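Naming follows writing order (A, B and C), and every chain is counted from residue 1.
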């Protein structure tokens, strides 16, 4: 018996799954999730949209007028709150990016064996109630609290009337803090994927650290930056609770207005109109942002 | 005779020469920054844990009074609180699992396949994040109630009265978007040739997925799952609308403020936090030389 | 080689994790399905009852309810609003975390009580049951507790079950006279009060003294305090009620006019411009941190939980009183049991037990007598049992006409920045 030559495993028998279902695979993958979203998001959202072109209340019923009065009122009366949302949401997104990028970078490249643990430490504080986190911050940053009081009375660095709570600064700080993991985690997953040998190769080719970062690391990290910004900016625009607990009547965001419209005023038409303007604005902003970053091709 | 091409000297400060002050500086700059950032993230948790050992002078745990173990000895000292906590944890775990699976599938489809309607689908993914929670909650409730009223009653499975199932449905719904966005950050630029190589070597689609694709995208899936869990376990507004007569821990926490702020909130928050961290620390220590997910 | 094993280990642990979680998920899903099925039963029973048009006139006669206590009684209430078996207290007799009142009720009537502390805010809670009420479905609750203004709306819309007075003899006999005859349900056909609270003025005596400001005795005195060191209440009715009193206007929902509301708003606007905020009882934390020197406050919290120098006063112009009321939502499956509960908590002994713990004003006559046995100080505490002088100057600014309510909500939303 001659020694059997090492055989290459034969190709799988029959037409492969890919050939058979090839065209259908993307749709099969999409179907369950999209069906869920369609049933439990799109349909309710369409109903809310119809409220925005109707008049009436939940008790008395709605009659569709197809008029845009609700939208006119929304723009007319609540321009300031829209602006607040954009400003505060934008500021929080930028701050989380500035703080989060180095953190994600360090965990990805220097984390070693404890990567997962450190990453978990980043998100674990957010398993607890938002209310308790905010109350805890207020305890620390109170005008006579353990942090500010010494600065006021012992070191005389701050005036006696200084109070950081109930200011826009506190509100942005709250937003930044609460959305930080939403920036760090996507940044981490994008950075962690980068093959360090690419950076080493760049340096071998006489790129200094900054150039290597700018031309290798950053472009490869862009999908993470994109994702993180989305996960921070979009929800923070609709946020209401940071403004409620940490702000003052001048810093209210559009989320507070919608809350008030729906719950107190029972004004579903204007509340829905505000929501849909917010959603439309965000979609446009996201499309522009994707175009700028050039990640559309990469991330679909 | 051509001169041998002379190699430029290695730049001072590059890896080759090593050991400059700047290099040493930013060797520890990043870790220090990260440590400070992690401490920053932990600060309110520390305060929360400290105040869980407080015995407030009145009904509100805002100011330090005296040390006491009362809260820890009786963490579920309110009617229905234990059930609420269990409901929250169960919903969080289940919705994380379902949302992660559904969201990852969508993420895979969006980044790897070319098909019509991608733009619209991306839009549908982003919209739930953009919608204020109160709008989602109120409209979902209206939908659930409508399944028990004509014309839908009898024709579709009724989702009214609301309760555990509707909470779960809502949580999966809003989590899917976050999962998709996070997983896509990982899938971007995924090298399909790795999969092609595996299939050239005889693996079928499924084996390729499990042995090649899945391990590589696993950090993205894990991160997405963590985000989804944290969103679910503290969701108040939407859950409030669709929970019916079921109570959850966040609803209890946000509702209690008018009359009291008991130590139990801190205690249960600490238990959840320390429990989660302990669990992860244990599993990562137990696998000895930590399995690098790479 | 080592890599191969590593990958295998990873694959194995992944597989095990997925297997385990799938089993957990499936088991929980089954549990969830069976859970919701059993709770679906009462609602189908209720909705097959002859459905009446949504806007319903209260039926002239009460449908005879069978005198069988069914359960579990689904009781929604505000948190920290019922007595609790505390840690050190009733050692051994009650499980820690249970309510003696509920436990005794369960023993007496042999039905289970599903007590959920789910109401944090009137508007939010009602918004969650409104679609069901509008669609004539059972809400799932048998007994809910809502503040006056919301209770009156529920009753006006025909969303409350009429109480069979024969089942609540304690209530009819023991309800305090001051709480009888409310305009929106004068004969207590639909509601009985649970607890009352008062809105007044609170301040920190030490901080005011340190800043050479006299202690306020009138609402008007607050206008002398720096606005950014004050908070008013985010409940529009409470804030505006007090401001109206300050302006010398009777805070009475029936007589107030839209112009007077506007007048009150104009009076508060300058304060808002200088930094006044509107809070719920976050003001307690603000008081503790010396961030707030004086505020509109509710009687139940500052008095029981404020710091040493925090004082609550009944202003000279008067105080506001509001009441949280028990109602039976339409379509309740266990209406008789709900009536039994209403009746039970109007027993003066039980009422004293609750009042002593909750620190609000009990609606039950005779509770002040019974409470002496439990806590002698409480009997003379003006916050629990207000003196006749205070009662004389109490105003109820809860139930407003639609027009006034719209005006109030409108000006208040502008003041608070929404």
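Definition applied: a contact is a pair of C-beta atoms (placed from the backbone, for glycine too) under 8 Å apart; a residue touches a chain by one contact, two chains touch by 3 or more.
Given the structure is predicted, the values throughout are model-derived calculations rather than measurements.
The count of contacting C-beta pairs peaks for the chain pair A-B.
Averaging C-alpha coordinates per chain and comparing to subunit A, the farthest chain turns out to be C. Computed from the mean C-alpha positions, the centre of subunit A lies at a distance of 35 Å from the centre of subunit C.
Measuring from the averaged C-alpha position of subunit B to that of subunit C gives a distance of 34 Å.
Separating the CA-averaged centres of subunit A and subunit B is a span of 12 Å.
Shared interface positions of subunit B, defined as residues touching 2 or more other chains, are 62, 138, 142, 254, 257, 261, 293.
Within subunit A, contacts with two or more other chains are made by residues 135, 139, 259, 262-263.
The residues of subunit C that reach two or more other chains are 121, 124, 127, 131, 282, 285, listed in rising order.
Subunit B makes touch with subunit C in their complex at residues 56-60, 62-63, 70, 73-74, 76-82, 90, 93-94, 97-98, 138, 141-142, 145-146, 148-149, 158, 160-165, 168, 210-211, 214-215, 218, 240-241, 243-245, 247, 251-252, 254-262, 287, 291, 293.
Across the complex, subunit A meets subunit C through its residues 58-59, 81, 135, 138-139, 142-145, 163, 165-166, 245, 248-252, 256-257, 259-260, 262-265. Interface residues of subunit B, counted against subunit A in their complex, comprise 8, 10-11, 13-15, 26, 30-31, 33-34, 37-38, 40-45, 47-48, 51, 62, 102-103, 105-106, 108-113, 115, 118, 121-136, 138-140, 142-143, 169-170, 172-173, 176, 178, 180-182, 184-189, 199, 201-202, 204-206, 216, 219-220, 222-224, 226-227, 229-230, 233-234, 249-250, 253-254, 257, 261, 265-266, 269-270, 272-273, 276-277, 280-281, 284, 289-290, 292-293.
Across the complex, subunit A is touched by residues 121, 123-124, 127, 130-131, 134, 157, 228, 236, 272, 275-278, 282, 285, 289-291, 406, 409-410, 413, 415-418 of subunit C. Every residue of subunit A that touches subunit B in the complex is listed here, in rising order: 9-12, 16-18, 25-27, 29-30, 32-34, 36-38, 40-45, 47-48, 99, 102-103, 105-107, 110, 113-137, 139-140, 177, 180-182, 185-190, 192-193, 200, 203, 206, 208-209, 220, 223-224, 226-228, 230-231, 234-235, 237-238, 240, 254-255, 258-259, 262-263, 271-272, 275, 278-279, 282-283, 286, 295, 298-300.
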